[in-house]
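I've put the structures underneath this note.
One chain, chain A, links the two complexes that follow: it is found with chain B in the first and with chain C in the second.
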Partner chain A sequence: MFKNFFHSKGFGLVAGIFIILFILPLFAPRFYVYILALIYVTSLLAMSLNMVVGHGGLFQFHHGVFYGVGAYAVALMLTKTSLPMWVGFIVGPVVAAITGLIIGWFCVRLTRLYFGMLQISLGSLIWAIVFRWYSFTGGDDGIHGIPMPSLISSLNSSYYFILIILVVCLILMYMILKSPFGSTLQAIRDNSQRCEAVGINVRRYQLGGIVVATFFAGVAGVLFVALERSVFAEMLFWVLSLEIFIMCLLGGWFTFAGPILGAAITVALRTFVGKYTEYWTLILGIMLILVIFFLPEGVMGFFQGLFKPGMKEVAERGK
Partner chain B sequence: MTFGPAELICQLLVGISRSMLLFIVCAGLSFVLGVLRIPNIAHGTLYMIGAFATFSVTKMFAGSAGFWIALIVAPLLVAVVSLVAERALFCHLYQREHLMLLLFTFAISLILGDLVKIVWGAEYKSVSAPALLKGSISILGASFPRYNLFLILIGPLVAVAIWLFTNKTKIGKISRAAAVDREMVGVLGINVSWVFAIAFVIGCYLAGVGGALVAPTVSITLGMDHTLIIEAFLIVIIGGLGNMWGALVGSLIFGLTHSFGVLFWPQFAIVFPYIAVVIVLLLRPKGLLKSVW
Partner chain C sequence: MLQVEGVIKSFDDFMAVDGANLTVGKGEIVAVIGPNGAGKTTLFNLITGALKRDRGRIVFKGEDISELPPYEICKKGITRSYQIVNIFPRLTVFGNVQVAVLSHQRRSSNLFQPAQNIAVKETRSILESVGLLDKEKGIAGSLSHGDQKILEIAIALGNEPELLILDEPTAGMSPEETQAAIELIKRLAQMRGLTILFCEHDMDIVFSIAQSIMVMRHGQTIIQGSLKEVRSNKEVQEAYLGGE
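Let's turn to the complex of A and B:
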């Protein structure tokens, strides 16, 4: 699966970027290290959503819930139990995936907008409970000052931790999407009736896709806790879920790396434009409208379309 | 926990009055969804604009006349905003798929939300009810705010008005036809683009009415659109897309489960409506009443 990739120009480019990112904290100011780490976390979240939305064609409207559940699971493990700290880091994604399994099990019975709406209602249920259960989740205050293992207690060490986990997750996601499972998922997106006709259990594959995606969303949640050491109820609110959607759209639905670009654009916009004006969402909204009008395949999709004319057809078929 | 029949009845009426507010907003959302097939997230932001506009207009006039004028002016302002948005942007995108439209309306809501922040600032605002509706009346010894009684009366009025519009006027009938088969309506020589524009503006006008009516009961603040729009979407879905009576049923389910939740378990009152929605969606995924889709 990687044979072609290792010899392509793309591999050199990707490897070069990662080497630069690895040595960056040695001379970059703390603030930029923090922003980069935040971009990694958000990228992982957006990529996990794109697995089911771009590649799976599902209306995963409330993906933020799984991110929040993963983050809350690790936060609660670290603050309320005395188990070894690293256990919490494994529990977070697993709990997120189990939540994904339960919610997904209900949702895959429906299609498109109804799928999305059922997911929003189930996700909002979880949000409402977290938002109000002050004694357990801290309610709308969230949980702050979560203790971290000493290995990743400094900013630079957590930066490396996040970057390494991100790279591992990207490789895993790439492998999953190129595997027969990933191809089946994309085939279901393009024509679910035909897939059903050749004997594929469409719902089971979709559910599988949701579980995998929610697992990675949980990983992103854990990484967020490792970076911020706090969790809050807004992580489970539907606005965040739509923001992740926007990242996928900005970067490009049908590309592998598009969501990374989208996440980077969004985080950078919030940080750097937010410094000058409090009206940064106005600029985000205008950008989004321009993208929808002129670049429906997203920024990455647009550039890929320039270099590989075939990609555009793939994108068209997906609609 | 002790409560007599008086508290129960009061809570029931509070629930109904809250349902009526939700209904007015949801009827607009449902109408737009039914005719234009646009899941309009900006609907909540238009509702917020309605509430802020009510604040400004009420402040302009002395006494309680301000509120009554605001009740007419604020929704009209919302209608103008939506007309501009429709003619400038939405009308080019009707062929796009739902997901794109949803994200597009989210972009609009981001922009409008920031414009509200620019115009009105980020502070809390409050509107006082007109003198006629201030205070409360006594029901079996328990006090019940007059304003909520006013809401209970105005809800059915709006429902009747929408029914008359969609069933008795020509434009209403055309828009209902466009909801079922827009191509056929176009073939008959009707300008579908303008039918859509009118339907969109009417739906958004209802959001403005809802915003104006809610103004005296809550503190008007940025972010009130976010909590409302998610409830509105769920109500429309459980009622049946595009079905006005469905919006009414959905609003009653949402409002009543919440108000009885307050009575029985205040801490988790906001959880109950979502449980009700989940149960309805599991039993009847396409909504309780017939959807026009």
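Let's turn to the complex of A and C:
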């Protein structure tokens, strides 16, 4: 798959963008480096959600929980145990994936909205535990001043760490999406009834998709800790889950990189408009309404549609 | 190969299938006919596991399959096409058939190999045999209705079924498309040694393809027999053929 990609124009563009992002911290102000790193973390989170929402067709309404669980897992490992620090970085995503497996096991028994409702309930349960269990999780104070390995202790080095992990995760996600598992997942999104009829155990594949997606959400949680050195209970609150969902819608949930665009728009709005007014979500809301009306495939989806005429027709027939 | 014995299915108070009996021998082409609402599609849904029967037995190759979920029944060797187009609209034509081929080869859970290099030969050969190879890169949802109906059959072939069930394969097709589809079904049955069970409204099609016909009315089997037997049956003439 990569053979063609390396020779395509797309590869040159992507490689160019990453080279610029790599040399940026050398001259950009600290604040912008921080915002960019935050966008990377949020992008990874939105991309992980989109694996099950856009490509898997599941109503994963409370994805933020797995982001929070990953972050809390690494934070607790680093503050409460004396194990080598890197162990915590691996434990975070694994714990997130196990949580995803347990919650998903119940949820895949239901479909569509019922799936989403059950997930919100089970996810809120975990949020409530984290929010209330002061002696263990710090409750609504969260955990602050988490020690980091010296290799990534400065802002610039954590920026590079986050960027490298993001690139690795994007490559892995791309491979998974283009694999037989990925195309089966997309087929289930398009038509789960037909999938059953061609011999696919739909629930098992949906659960598999959830485990993969929650693993990457856990990675995003770990990266958040690497950047902020704190965790808050708000990471598991449903408001954040909704925000990630909006990022996928905004960027284009049937595209691969759409959620990155959605995450960048949302974080930028919050940072630059949020500076002037706390009602920055008003602008986000208006943007979302416009996108839903005029670009139902999302911003990225719209531009892709210009090059793939067939897709546009499918979208219009679907309306 | 397939025996349906006294199968009953009701939705609340409505008896959709009320005592259906059907025998399909290996290599046979069997048609199910009956007026609208006779229970043909429900019967197919019961055989493929999309619905669970209330009473009766469905036996495939000597094994009772009436309690199995659809994906298990598919693995036993029964696949189907649908009356109303039921494809993967956002995938390419190639991708539509490949999903079934991957599932058949038990390779769907492969996470890291690029799918575009897997099961290509098998998928292409199916597309070629139904005449959709030149459209393999197109998005399935943007095909014409006739081509989508053909793609329906192609997906069902991906699992290399022994018994292929076709639910009104020519519904909504133009006369030319219908003619081509009939030729295709005949050719596939011969080439692949398929056993075919289908239902169809057009009597000309039924009589030109089927070797055995089962007639349903009000969810019940009136008769199953050869074309001649069915034609000469009084009850059938009254219920169905005479009415047209």
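Assume the second predicted complex is superposed on the first by the 311 of 319 C-alpha atoms of A that agree within 3 Å, B and C clash if a C-alpha of one lies under 4 Å from a C-alpha of the other, contacts with A are read in each partner's own complex, and residues count from 1 in each chain.
Just so it is clear, a residue touches a chain if its C-beta (ideal position, glycine included) is under 8 Å from a C-beta of that chain, and two chains touch if they have at least 3 such contacts.
Every value quoted in this text rests on a predicted model; they were computed, and no experiment measured them.
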Quick one: on chain A, after the overlay, do chain B and chain C clash, or do they fit? Just give me the call.
fit
Touching partner for A:178 - first (chain B), second (chain C), both, neither
second
Tell me which partner A:113 touches in the superposition: chain B (first), chain C (second), both or neither.
first
What is the contact status of A:294 with respect to chain B (first) and chain C (second): first, second, both, or neither?
neither
May I ask you to decide whether A:276 touches chain B, chain C, both, or neither, giving the answer as first, second, both or neither?
neither
Taking the superposition on A as described, I'd like to know which of chain B and chain C A:27 touches: first, second, both or neither.
neither
Classify the contacts of A:122 with the two partner chains as first (chain B alone), second (chain C alone), both, or neither.
first
Can you work out, in whole Å, how close the C-alpha atoms of chain B and chain C get once everything is superposed?
15
Of the residues on chain A, which ones does chain B touch that chain C also touches?
none
Touching residues (chain side chain A, partner chain B) in the complex
59, 106, 109-110, 112-114, 117-118, 120-122, 124-125, 128-129, 131-134, 237-239, 242, 245-246, 249, 278-279, 281-282, 284-286, 288-289, 292-293, 296, 319
Which of the residues in chain C come into contact with chain A in the complex?
48-50, 69-71, 74-75, 79-80, 82, 86-91, 95-96, 98-100, 102-104, 107-118, 138-139, 141-142, 155-156, 158-159
Footprint of chain C on chain A - complex, ascending:
1, 175-176, 178-184, 186-187, 189-191, 193-202, 205, 208, 212, 254, 308-311, 313-314, 317-318
Touching residues (chain side chain B, partner chain A) in the complex
39, 41, 89, 92-93, 96-100, 103-104, 106-111, 113-115, 117-118, 226, 230, 233-234, 237, 267-268, 270-271, 274-275, 277-278, 281-282, 285-286
